[in-house]
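Okay, so here's the structure we're looking at.
In order of appearance the chains are A, B, C and D, and numbering begins at 1 in each one.
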């Protein structure tokens, strides 16, 4: 289905030290790879943390992958104690999209996916409601309705985990209006990306547009972030804002905000699918 | 000093009711004024609050002002119970600028003033330090050094009030790093505009750029607001943001933020000097 | 289908003169209307052009409309020689959407329409291809395929005019890739709004994203404008831009540009449907 | 004057080929340098052009520089046929600022320089007028008045070249209102950066704000670019825009535009001083 493109990405992170870039590029070149782009960030030139993303071309990447990994393991893992991962861009990320009743983020992601903006396979659309089944159907992606009844969230999460098991690389909450438990996050074993309908850390929690209206703010925003147990506190991936004024009602803010939400979430998902996001404690490096 | 321009502004606010616009425009026209622009906002079409700003031309405005005010008082004040004020644009706002050591906001306001962007007279530059005396001198505006010694803020504020008494229409805090007491605000009797170096209500208080860095935000902002006793809670006048990334250090955020701060504060001061801002409880109407 | 809301808009334009605002608001108030918002713009306070948009509440507007129009005709039309129009907001604008193969603008408008952002009735979706029939079907709006064969545009335009005749208030070109003739524009008798995929007047004509890439621009934009016989020269309604860099290929620019195109076109259509746009020669007043 | 920081930048560009990154990083590491950040861009993975900027730490860089350059010359210059340059960040760029009567760009650059934003030495401020002498004086930078009399531009340019000879790395036109001849550009032998007061390629040439007003645009912009003989056609470095409306007069556009001009020029100068700009034919790579 996904023919080999001969294009790979190498991600490296860990404690900074002299010579890492030379070692990484030396290994890639030694195996015949041609580095197309390379981004590197050190938080501090002494004792900081090191982050690198390299994109390279290598004919017959699939066949040569094992040999390359042996060297990466020895040099990066054992010698420098770094984390690394090798990605064949022929293998798109497998994504589960969670939604509830609001359609703008889901519709936008499915539309972008179909037009080829987002290098991902949509494994599942999951919803606690049936309102958005038509959207999935229209875009030919499987829709699973898992209701979340009051007091029975644990059962719903069990059903979700059953579905996700081994089939996805990331869960994207496209305005999914349920809070996921810490147990779910631990068991899922993959990153979960959320779109919060405000400019975090302003207006955490519910009803941010109403709060923004009451506060008289002149801009409303949206924040895409990784989900952690501390609600609304996960590492921020992307943010943007839109200008509003006293003439906008709370409903107007909701509508204008929706434009920012879908744009910010789409940018975050694209960055994830292109392996541009690296977590750095409570924050992120986004190449 | 300021010749009559024959241009005036009429500001009206209060409880909404039918016919107010017709009455206001009828009075102006009846006195020979030609309305150049008119902005009106009602918070709700039934029982809401009414805000209006009209700009008009009227030859010999100074001479005709008394007669006009008699009618405004009777029709708007007595009949409709509205607040109103009549402004001759020939009379610029009298402004006191408070600063400490950081020069960017002060320099920017003085520069804009000199090039004719801001219709104001700068009555005083007041500082608790002497670092910025040269800026005032360079732009030919009076500089007063009022130190604020630890534990003796009351005396400093008394000196400030003495200076301001009857000489200003607004106090602008151009990165003035002292908190003004409620007593000062009450005694000053004029609005006080502050620039907060963050996107309120995110990162209230001190060191917002450091907090923003730690939180991994992708935008940093600034907020101009009226000062109230509740620090960082006054009605918001203007806000803006600038994009940042993981490559920016806290110092970089401070520098980028300074560009937003001076722009946002300048816009707020301009709006004030042009009578575009009307307070509406905890928020503002900015025409 | 559209119950009377008792809410109307009055649009007035023409040669400026003293007393117009008072007369307009006097008539409205005299008929029992309560003005909710009023925007007015004069290009020059002496001998300029006058533009006004008033929104008002008036119970039983439909029943009282005739009487109101008699006064407006006499006072505004005959006395001041102004153009005016009275709109009952219960009557949404009737819109024809023209598209070709690209779906982003069409999909976005249909989606915004369904969620209640755009006060319009979609009378027709017209396309010279069948690719987008599914979109119309999905959103339950009538789709008409009118192919435009080489050398036979005149016949196609005749068929389009036949369809539009008396059924629409505006034609919106949602990335319709055919140039409409001057004859069509004259015969249509309604405004035609286009989205040009560049920041006009830069990059007029075809392939603007390729030209932008070659020119090394750091922002790409989109422009919504009224269509006139002079291609790409009609009055501009709305514009916006998005940041790009050397890492973006022409294809990336096309994708990023699509986000701006749909946003800018949606804003222009919304402004039109809310009667916020008034033409002023080669430019526009957008309240 | 500038103590050794032990921090260097290596810039490499030319025809792309396999292994360049590994060779570059290998040389740096071999000489004991620790790479802090590395940006690389290839225009095409086969037969494209290669651009790289590496920032590194190397104790006693000044002492080790010669040895490092020998290797760079052999490996990059001779083996790969690449252009390269090695920069010690302890040596700031030497800059000449050209201005005429408008102060906003000059003042902004001098102010940013003094607060430490711009790693440069200002060798000269040159003007064809004396209006801005005070600004230079205030910021303690040498001001040279070189009048440009009608028909005697050649003499003025000779005087300018005399002054610049061997003393600057770049000339920045901070709203300098004279067109520099091709002979000047050739003789100067250093890049010349200009700020054009419009969003190029829209509104080339004079009076762009008046043209923008007539055209009814909703955004006005500014463009920083390298100066070439084809006026307004040089490679674009940076651009930005600001929103305007029908209420803004041409004078208002000039004022709002000035805010964008000084910001865009400052960003371009900063990028130059940090060696982030690499020319790529008619365009630029800005890391």
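As a working rule, a residue touches a chain if its C-beta (ideal position, glycine included) is under 8 Å from a C-beta of that chain, and two chains touch if they have at least 3 such contacts.
Since the structure is predicted, the reported quantities are computational estimates derived from the model, not experimental observations.
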(request) Using the touch rule from the top, work out which pair, A-C or A-D, shares more C-beta pairs. (result) A-D
(request) Among the listed pairs A-B, C-D or A-C, choose the one whose interface is a repeat of B-D, with over half of the contact pairs the same by residue number. (result) A-C
(request) Go ahead and note the Å separation of the Cα centroids belonging to chain A and chain B. (result) 42
(message) Centroid from C-alpha atoms only, then distance chain A to chain D, rounded to Å. What do you get?
(response) 36
(message) Going by the contact rule already set, what residues in chain D reach two or more other chains?
(response) 37, 41, 247
(request) Can you check the complex and tell me which residues of chain A touch chain B? (result) 41, 199-203, 214-219, 221, 235-241, 245-247, 280, 282-286
(request) Provide the residue numbers of chain D that touch chain A in the complex, in ascending order. (result) 18-23, 25-26, 28-30, 32-42, 45, 57
(request) Under the touch definition given earlier, write down the residues of chain C that touch chain A in their complex. (result) 37, 103-104, 107, 111, 115, 117, 134, 138, 247, 255, 259, 263
